[in-house]
Amino acid sequence: MKLISAIVKPHKLDSVKDALQAIGVRGMTVSQVQGFGRQRGHTEVYRGAEYTIDFVPKIKVEILIADDSETLVVNTILESASSGSIGDGKIWVTPVEDAVRIRTGERGNDAIDQEQGR
Amino acid sequence: MKLISAIVKPHKLDSVKDALQAIGVRGMTVSQVQGFGRQRGHTEVYRGAEYTIDFVPKIKVEILIADDSETLVVNTILESASSGSIGDGKIWVTPVEDAVRIRTGERGNDAIDQEQGR
Amino acid sequence: MKLISAIVKPHKLDSVKDALQAIGVRGMTVSQVQGFGRQRGHTEVYRGAEYTIDFVPKIKVEILIADDSETLVVNTILESASSGSIGDGKIWVTPVEDAVRIRTGERGNDAIDQEQGR
Amino acid sequence: MTLLTHFNTGDTAWVLASAALVLFMTPGLALFYGGLSRSKNVLGIMMQCMFCIGAVSIIWAVFGFSLAFGKDVGGGIIGNLGLAGMGSNHTLIPGLSHLAVSPLAFGVFQMMFAVITAALIAGGGADRMKFAGFCVLIVVWTVLVYVPIAHWVFSPNGWLAHQGVLDFAGGTVVEINSGFSALGLAIVLGKRHGWPREAMVPHSVPIAVAGAGILWFGWFGFNAGSAGAANGVAVHAFLNTQLAACAGLIGWLIIEKVTTSYATTVGAISGAVAGMVAITPCAGFIGTMPSILIGLLAGLICASAVKLKFKFGYDDSLDVLGVHGVGGLIGTILLGLFASVAVNHGGANGLFYGGGLHLLGVQVLAALVTAVYALVVTAAIAKLLDKTIGLRVSPDDENIGLDSSQHAENAYSIGSSQGHR
Amino acid sequence: MTLLTHFNTGDTAWVLASAALVLFMTPGLALFYGGLSRSKNVLGIMMQCMFCIGAVSIIWAVFGFSLAFGKDVGGGIIGNLGLAGMGSNHTLIPGLSHLAVSPLAFGVFQMMFAVITAALIAGGGADRMKFAGFCVLIVVWTVLVYVPIAHWVFSPNGWLAHQGVLDFAGGTVVEINSGFSALGLAIVLGKRHGWPREAMVPHSVPIAVAGAGILWFGWFGFNAGSAGAANGVAVHAFLNTQLAACAGLIGWLIIEKVTTSYATTVGAISGAVAGMVAITPCAGFIGTMPSILIGLLAGLICASAVKLKFKFGYDDSLDVLGVHGVGGLIGTILLGLFASVAVNHGGANGLFYGGGLHLLGVQVLAALVTAVYALVVTAAIAKLLDKTIGLRVSPDDENIGLDSSQHAENAYSIGSSQGHR
Amino acid sequence: MTLLTHFNTGDTAWVLASAALVLFMTPGLALFYGGLSRSKNVLGIMMQCMFCIGAVSIIWAVFGFSLAFGKDVGGGIIGNLGLAGMGSNHTLIPGLSHLAVSPLAFGVFQMMFAVITAALIAGGGADRMKFAGFCVLIVVWTVLVYVPIAHWVFSPNGWLAHQGVLDFAGGTVVEINSGFSALGLAIVLGKRHGWPREAMVPHSVPIAVAGAGILWFGWFGFNAGSAGAANGVAVHAFLNTQLAACAGLIGWLIIEKVTTSYATTVGAISGAVAGMVAITPCAGFIGTMPSILIGLLAGLICASAVKLKFKFGYDDSLDVLGVHGVGGLIGTILLGLFASVAVNHGGANGLFYGGGLHLLGVQVLAALVTAVYALVVTAAIAKLLDKTIGLRVSPDDENIGLDSSQHAENAYSIGSSQGHR
């Protein structure tokens, strides 16, 4: 199994989620993060002083998948999260040694609700 | 070393934490996440319109452990986080190549505060 | 590639960020987490009752890097995040199999904005 | 600190307190609207409300009050500039020589009405208006829409006032006007991206409740202060305001419970507002039990009316039409049935109190005229501005949110500077 | 807008302003309670407060006011239905013919008291009550508990009033009543899951401070408005309210500092409320220095009393007993010592002012009767409802929180629709 | 509930309502300041504001009022203790025998002024003061700084009053005083760690807007209540307050737009406050159009003045000097130009109204004396306390934040007890 982690723009979350559902991904975990990168943060004005906020709000999506879905899932995120402008984010893939569904104790690929044959 | 990541129901955090302490785990890192899965989000009503909220509040627990504790820790989380109902969450295990305690610079298993012999 | 995850004290974030920039790290992702460890949480008083809050606010920094930067990045975080007092946090390193820049589709080390030769 | 003039102190105390209460309603509205907005657009709408206080008050003092309440230039259409600068405690307001309080007190009380009406319409274009465009819009709108309607109805020399229209505290001038102006604005601006597919739910209901609490509190000044004196009519208006708010709250919850099986907090505060909107024209003209009835109807009907936008496809983001427009229509028209001179000798009898159909006819006329005028003129102004200086933000800016794109601010910052052990 | 009746305008202005202030206290209480709640139960308690405004006001207008202040049916137990619908500005309220203001103004001022007393008791059952059950509870409670006690004490024909009990603004009717009613409710409902093991701390202290600020502001209307006129007694009541609040604030902080070595913000606002609770029965009857003393005692004692629940194991979630019940007892009883006719000719002299033990005895009697009656009858109503329609939510729903389970809402939504660059 | 004394009821109603409004300003300030603070220091500043209400009120009642308004001990420097305990409704205040209201009402109204002035200075030392040190500071400061200045200016027997200084509602006593006291405090405490390198931006602008709304609302009591009666002067003061606030709001936004190309919400509310600060001394002495001008100037100048701290390196955290100090100077001095007896027979004519240079000279004198005295004495007190009991928290505690280190509280808790399915 693999864990796909994607940092995306917040307003892209809905399209990423929809695209993943369309290819049979049945679960994911999402959190609010702050990104630092090429995309400069915005300027804030507070009582005459201007500040640059280094960190930009982003969304992190984590998806646990079976090994063979890696390419499909990565490409799907790539397409659905891209706006072509700086700050679109990153995807990275890490190996997962085991997965468990807490409710049932199922392990490995069975712990993931991916649809078959996709 | 391993990193155990568990997505659990928020109200299970206390029992997970207590169970892990009981088996000698001395540290963990917790964050608020939103889960998407089989468990459907709840319905919200706003001025006559009903919305389904896809994402369900969850807690992510991350625990860095020595290799030999994997089974014990996973099983402990499994027991203490399970309510038997949909949405109980997932646990996954990823390999960790190195760990450091920032305060002391200790590395590897020494960086983790696990109690000996458990 | 590697993913460096560091749990640090919130007020150390600025110095960690500055130190990483100084060694050529061009991107990172940051999130708010709650830590549990040796450092005990603070006491809270609410209408005469005293509570100990187990969890302590921490910041998690995630940095995707090329393999050869691991030592430099870990040491840089170690120095810039340390205050020498309990609760300074942990760093851990996990293997990354693939990385993608969403905007361009670049893969691997190209997906990371690290400066050359450092 | 000597006395200049000798107005009744009790009446003065009440009208000044009421003016303060009505002013307080606009920051209250900023909280109400802000709480109902998403977290990226909170300051956008709050800023629009605050700007309305600033700009509309100055316009009102310099010439708006005069155009609304000055000597009629003929035909009851608009006042002249004789009261420009608002005059002094000795000034005479045409047709209002019997005021119990200083004309300046009356003028500043009325100022607060102009302010909140302007702020209300911001809700129709929430989440997608350029700040600069909004500023110009509100200035033009105050002069071309608010001031004339105020003259027609509130000045004794206005043409609708001449017809005998009754509007105790602004069912037409404030409520129908703001509701239909907001509709015009919403139509010209077009829908927000993602609406109605995406859920656009309140980012902080507690803040909205705080705002609604302030609105409720302030409405006593709005309605009971419109008696212009601390007298028995003010007492009636006060009590009726409370009862209509309560009945509106209950009415809205009933509809919610029946249609969704949940009663919501947003529903409760929306219902209270709807009840107060509907009682606004009636407050000092009708009895206690009719007030409960009108409030209840407002709650029931407005709770249903806010769904019309999904059917007709206009994006009245914060339901100004559904609550203020529809609530204002309900109150203005039902006053034709329930008005009673037993409550207020200065009023009239409605259909149910032996007054025949005349009052009802006038009320319907005033309601329609206000609705159509507000809708058409506001839409025209908005269209013109959109074609010239631009009224709608770019898709990118809408995406980022107004707080960041228009004001370089974030409503909430819990960023890196939050230091903990 | 002509005058119907000729009440003193200054008194009318003050009583109307006061009524508005007292109404404002209930949204203020919603913020105070909501801020002190956990984030999953914020709207639950706010909604209960808002519902109380809606339901209790209507009940009061239709028949509650009449039962409380109407002609006594005999024995000083309850009024008749002669004032049903609240009458008009010309109505005569039995025993209150000397009112400086319109009976309708008096009636709507008193309405606000019934509202906030009902809302207060919600705090005793916070985090675990079904909304539907609460709605029924509050309706029954208003009729069976609030209205009778109001009649006994506030109506000049009530049996306790006949004994000569003094209660300027509701030490018995509002404070002891709400405190012991909340206790009854808390006992019947049982403890919240996890209490007292789990820390159940305020989710937003700033919101609680906002609420406390509104309560403080409104309390001037509550107490000084109870003079029924803008006279010297009102001035005394106003000043005493301020001083008792301040002394209560200091007193609570002293206890906190001594016992935990920290002075907390929640302690400061709780102490101010405790001081105002205790001064409520006394406000227009005692002097300035005794007010400081009573406020200080209230702060000291209530800061200790809120810990009793841990000892006795009843889960009075928001400390209604500890603050309102105990504070009310303190004020009601100490008035028997400090009352002085030098401050108010219409009052009496307490033990320390040469009045002997009579007043003290009556005050103790009224305090006990109110406490026992409120406790027993409220517990009985709650028990009955719990056995029939159900008053406590399921463990699952309690877990999820009232906002989501009872109202299909979230207090805060910063979800997927928050778009940023 | 009989009448003790026979003051005018309308004037009494207005002064009591105003006193309540001014009290409300301090919780409003707590929200304003709290919203502008970072989330770890919210309760620190709120607590300081609440403590000021508690402590200053009691000091005022026990002897502060007497020192300020009691019989002068000679030279117009300070009053005696003849009014200790605040007296009764029959007390005579030296030089104020013509009061339209009870001396107790006047005294409690003035109490609220002392409270908010004390709370204002907390803003200069925000984020780094020990709570215990602050408590002592504020007590000493009230006695050594506030009370004398109040005597000099507000008591008819004060030495500045004898010079003919005009200060309608506290341009010197409240505004210049708090601004320069805060400066003294900021200098003695030194800069916050990280300032000005780190961005220290508001954690919740909506809460700051709520606070500003309350301040605005309350300021009508502050200024128009200072007429001491519900008369024509009060009406002028009321209207002028509104217009100056509005013009200040616009002025600040203009500066922001020009210098940063954005108009911000914090700018809008800061500008409104600046306008109200500047109009405070002038409110009942000048006409409508000069009020707009003074408000506008205050907005323009204060928006620039808040940047001075970056230039001169003093860390006036919440810009008390930049807004209250500078705004107070503007209003106090410009009153020497614009005062007009046509508005208030009890005032004087300024330079532009034929009054020559005398008034201007006195105004400048009073402004300077107040600024220097407040700055020097406050700095001295702060220095002394810092050397003895300690006034600044440890770097660690500053890091963690005042909420946790000083009060063992968190403003927001959304921790582990937030249960969802």
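What to note about this one:
In this document, chain identifiers A, B, C, D, E and F correspond to the written order of the chains, with residue numbering beginning at 1 in each.
As a working rule, a residue touches a chain if its C-beta (ideal position, glycine included) is under 8 Å from a C-beta of that chain, and two chains touch if they have at least 3 such contacts.
Just so you know, these numbers come straight off a predicted model, no measurement behind them.
A count of C-beta contacts for the chain pairs C-E and B-E puts C-E on top. Annotation: the subunit D:subunit E pair of sequence copies touches via predominantly different residues, less than half of the used numbers being shared. Subunit A and subunit B have centres, each the mean of its CA atoms, that are 19 Å apart. For the pair subunit B and subunit D, the distance between mean C-alpha positions equals 51 Å. The geometric centre of subunit E is 32 Å away from that of subunit F, both derived from CA atoms.
Counting partners per residue, subunit B has 11, 14, 17, 30-32, 34, 42, 44-46, 50, 53-55, 58, 87, 94-95 as the residues that reach two or more other chains. Shown for subunit D are the residues in touch with two or more other chains, namely 8-11, 13-14, 17, 21, 198-199, 201-202, 204, 210, 214, 230, 260, 262, 264, 266, 399-400, 404, 407-410, 414, 416, 418-421.
Those residues of subunit F that touch subunit E in the complex are listed here as 1-5, 7-14, 16-17, 19-21, 23-24, 26-28, 30-31, 34-35, 42-43, 46-47, 50-51, 53-55, 57-58, 61-62, 85-86, 89, 101-102, 104-105, 107-108, 111, 131, 204, 207, 210, 214, 230, 403, 406-414, 417-421. Interface of subunit C with subunit F (complex): residues 11, 14, 34, 42-46, 50, 53-55. Contacts from subunit F toward subunit C in the complex involve residues 198, 399-400, 404, 407-410, 415-416. Within the complex formed with subunit F, the residues of subunit A that make contact are 43-51, 53.
Residues of subunit F that touch subunit D in their complex: 8-11, 13-14, 17, 21, 38-40, 194, 198-206, 209-210, 212-214, 216-217, 220-221, 224, 227-236, 238-239, 242-243, 245-247, 249-250, 253, 260, 262-266, 268-269, 271-272, 284, 288-289, 292, 343-346, 396, 399-401, 404.
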